[in-house]
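My structure is below; once you've seen it, I'll send some questions.
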Amino acid sequence: MDWSGRSNSSQKKRDEQSILQIIGLCKSFGEVQAADEVGFTIHAGDLTAIIGPNGAGKTTLFNLITGYLQPNSGRVLFEGMEITGLPVRDICRRGIGRSFQVAEVFPRLSVFDSLQVALLSKHKRHLNLFAGVKDLFREEVLSLLEMMGLSQNAHNLCAALARGDQKKLDITMALAIGSRILILDEPVAGSSPEETLQITSLLSKLVNQFGMTIVFSEHDLDVVFGIATTIIVMHEGRIIACDTPQEIRKNRKVQKVYLGEFTDA
Amino acid sequence: MWSSEPAFIGVQLLVGIARGMGYFFAASGLTLAYGVLRIINFAHGTFFMVGAYLAYSVTVTFGPNLGYWLAMILVPIGVAGLGIVIEVVFIRRFYLREHAYQILLTFTFILIIGELTRMIWGADIKGMFMPSSLAGSVLIGNNSFPIYYLWMIGLGGLVAVVIWFLLYKTEWGGVTRAAAADAETAQAMGVNVRKVFTLVFAFSSFLAGLGGVVMAPVFAIAPGLDMDIILLCFIIVIVGGLGSIAGALASALIIGVVYALGVLIVPELAMAFLFLVMIAVLTTRPHGLLGRKISD
Amino acid sequence: MHTLLPTRSHLGLLVGVAMLILLTTLPFISNEMWLTIGIRLLIAAFFATGYNLCFGYMGTLSLAHGAFFGVGAYTVAFLCAKTSWPFFVVLAPAPVAAAGFALIVGYFSFRLGSLFFALLTLAFGQLFWILIWKAYNITGGEYGLLIGEYIPDALKSSTGLYYFVLTAVIISIFIIRKIVDSPFGRTLLAIRENEERVEFLGVNVKRCQLIAFVISGFFSGLAGALLTIFSLAAFPDYAHWIKSVEPVMACLLGGIHVFVGPAIGAAIMLLLEHLVLNVTVHWQLVLGGIVLLVIFFLPDGVVGFLAERLPVKKKLGQ
């Protein structure tokens, strides 16, 4: 079932502008080829899932895109501009937001304070040495919390949050800095079914209502086939398929490599 | 006296190598402890100093000949015992805490043990006589070279080989390396990681104590020695690569030689120069000459 | 829903006002000895509070701040002894020089992880100490650099000196408090909690760390300058690694997560030192033992420990 409410990819009436272009990305660690000629294009408004067994290179890919790792070769273009090799902070300032597998955020800070830090950075006030910070950007923080369903947690410490809420906060942080594309590393991993539902509907809402573009990696195939408009399958550092969910389901290579079975027709 | 005779320079080189070997005893223990336990024991120099003081006392009691050999056997064991007590009672509880607290813990040992040392032995400089069997010198060209330095070079090489053998050719070594690489997995596979850690720390202290005994006859034993040694060890271990024994050996020899030559040229600032070397290495090649990747 | 129990902020205010009254009237209600202790305490508390900007708020253990203290001390002493500049002009370069040295140390030291950082700062600190020790032509070596005759008369009396130090310390601590409560201060807390995450918020983390480091170095230099004026000399001890460890212990003792923690820790250390030295000369032993106990049993320091146990109501939302 396609929850995103969109029709078949090749006939979509939407903005065809490419927001993220990955071209021939390669990265090796010693003898291990973590990324092998990885290339694909993300369009604005896409909700793309990247799947693959552990060690396929998903997190490495995210690290390469966001500048945490430098590729051996290849290019990354964001909104048409080259961002390969830029430091993380520059890439994030341009509009790429990231969430992490381990969504610890800031353990001993409250949710409110954590988001406030994100906003301070967004508005470039983080180097301000003398203004009082207590109520700075209060409205913005509260409305973000409201939108993501975290209002009741505003004054809890990050470390005290439930897993799912931590993940939500991580995503909110990426949103808060004004991202136009979110790169989410396993946003529902370790969440309860209710939390998973909350997060997936949140992701859909972000794409449909707020014009966000999302790329996420996940192991939960129900989630993936449920909300993704495009699925990219990775294996041993290479992309072996990139297509709509229906086509992926029928793809023999994917079945053999990832789903572990070979079914006829 | 200054002479640019090649033999003189060669002798200085050997002096540097000998002293480097001395530093290697201490540095090897420090890098071993870090490689397995991921803790930097700032009090390592203090163990070294305690070893030197104990060696001094033993030779005062038993005379320079019997005393030296007795010290060589007993003192490292004694210091290892001290290490075991400290590891079991204190350090063990800090493995999971932040680096800052680990560092501070070992710093308190510097204060406590250092002051105790001062109380027991006093603050004046002690000198230790070397055994007559190792005293004297040989002639190289026109220069005399102490036999004791030859002994240090030989013993250092032997210790390096023994460490290598223990780590790579024995079962205990294999277990230790497994625990060093991934303590959790090792524990899950049945390794008594606690015991391994204690043994490694004990061995590291043993090496520090041994270094203290071996170096005692060639330098002044006084309070403050611990700080000199630990800083030197840091320089060596960082240049060689934290966690690498071979790196510590190579680096210790290099540092020993650089220091020996530096003392000839600019005696006042030789130590300062070493620090600059360490800073240069840390900023250009943080994993040292032979260090493996260390994630912080 | 009234309660007669004081809230935390009420208690804090009360204590703060009491302290202020005590501090400003100290010269009139105590003798020479306590006044001297008061001056030393102000300087130690100030040193620790400035240090905590780096340690408690940014989560970075530096072992070079003793050297920054020393830079401030020797800058004042050197300018006093070798130039004929008026006294108050001589004071200004001290913290600036310390800040400059902190900039150099920080630039190199922040490139690597926390373990290497501590080592590098220790190395830089000892490097400076060695230079001071060896360059005895300029610095007087182990005998220190004496400046007794250059001190203006106003500061020669304990009372005059006390008020001078008090003013400098109060203004500085006020500034530090402002920084802690600023957006920059909040960002430092985030860096302490999760440095990488902050980078992903678009923040140049290294730059923030360097700024905080230089600021705390600045204040360390000022503290060193004040102590030099008090002792009428700069000594190599003022740059030794033990000087670097003092503020760390003060912070841990008092509590690194509270603004007044370091000051309280410094006060406890100084008072203990005074008491212990009357009994035995082995102060280092006692100090080591105390710190050992504190990091073992009181991870939040004395203030944190008390805060959990005092019957005060937390203000909602704090």
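Per-chain numbering from 1; labels A, B and C assigned in written order.
What we mean here is this: a contact is a pair of C-beta atoms (placed from the backbone, for glycine too) under 8 Å apart; a residue touches a chain by one contact, two chains touch by 3 or more.
As the structure is a computational prediction, the values presented were derived from the model and not from experiment.
Visitor: Hey, how would you classify the chain contact layout here, line, ring, star, complete or other?
Guide: line
Visitor: Tell me, please, which chain's centre (mean of its C-alpha atoms) is farthest from the centre of chain C?
Guide: A
Visitor: Taking each chain's centre as the average of its Cα atoms, which is closest to the average over all protein Cα atoms shown?
Guide: Centroid comparison flags C as closest.
Visitor: From the mean C-alpha coordinate of chain A to that of chain C, what's the distance rounded to whole Å?
Guide: Once rounded, the distance between the two centres reads 43 Å.
Visitor: Let me have the rounded angstrom distance from the C-alpha centre of chain B over to the C-alpha centre of chain C, please.
Guide: Between these chains, centre-to-centre, one finds 33 Å.
Visitor: When the centre of a chain is set as the mean of its C-alpha atoms, what distance in Å lies between chain A and chain B?
Guide: Centre-to-centre distance between chain A and chain B: 49 Å.
Visitor: What positions in chain B touch 2 or more of the other chains?
Guide: None at all.
Visitor: Would you mind writing out the residues of chain C in touch with chain B in their complex?
Guide: Those residues of chain C that touch chain B are 55, 59, 61, 108, 111-116, 118-120, 122-124, 126-127, 130-131, 134, 241, 245, 248-249, 252, 282, 284-285, 287-289, 291-292, 295-296, 299.
Visitor: Touching chain C in the complex: which residues of chain A?
Guide: So the residues of chain A touching chain C come out as 66, 87-90, 92-93, 97-98, 100, 104-109, 113-114, 116-118, 120-122, 125-134, 136, 155, 158, 173-174, 177.
Visitor: Where on chain C is chain A touching in the complex?
Guide: Residues of chain C touching chain A: 178-179, 181-187, 189-190, 193-194, 197-205, 207-208, 211, 317.
Visitor: Taking the complex as given, what residues does chain B use to touch chain C?
Guide: 40, 90, 93, 99-101, 103-105, 107-112, 114-116, 118-119, 227, 231, 234-235, 238, 268-269, 271-272, 275-276, 278-279, 282-283, 286, 296
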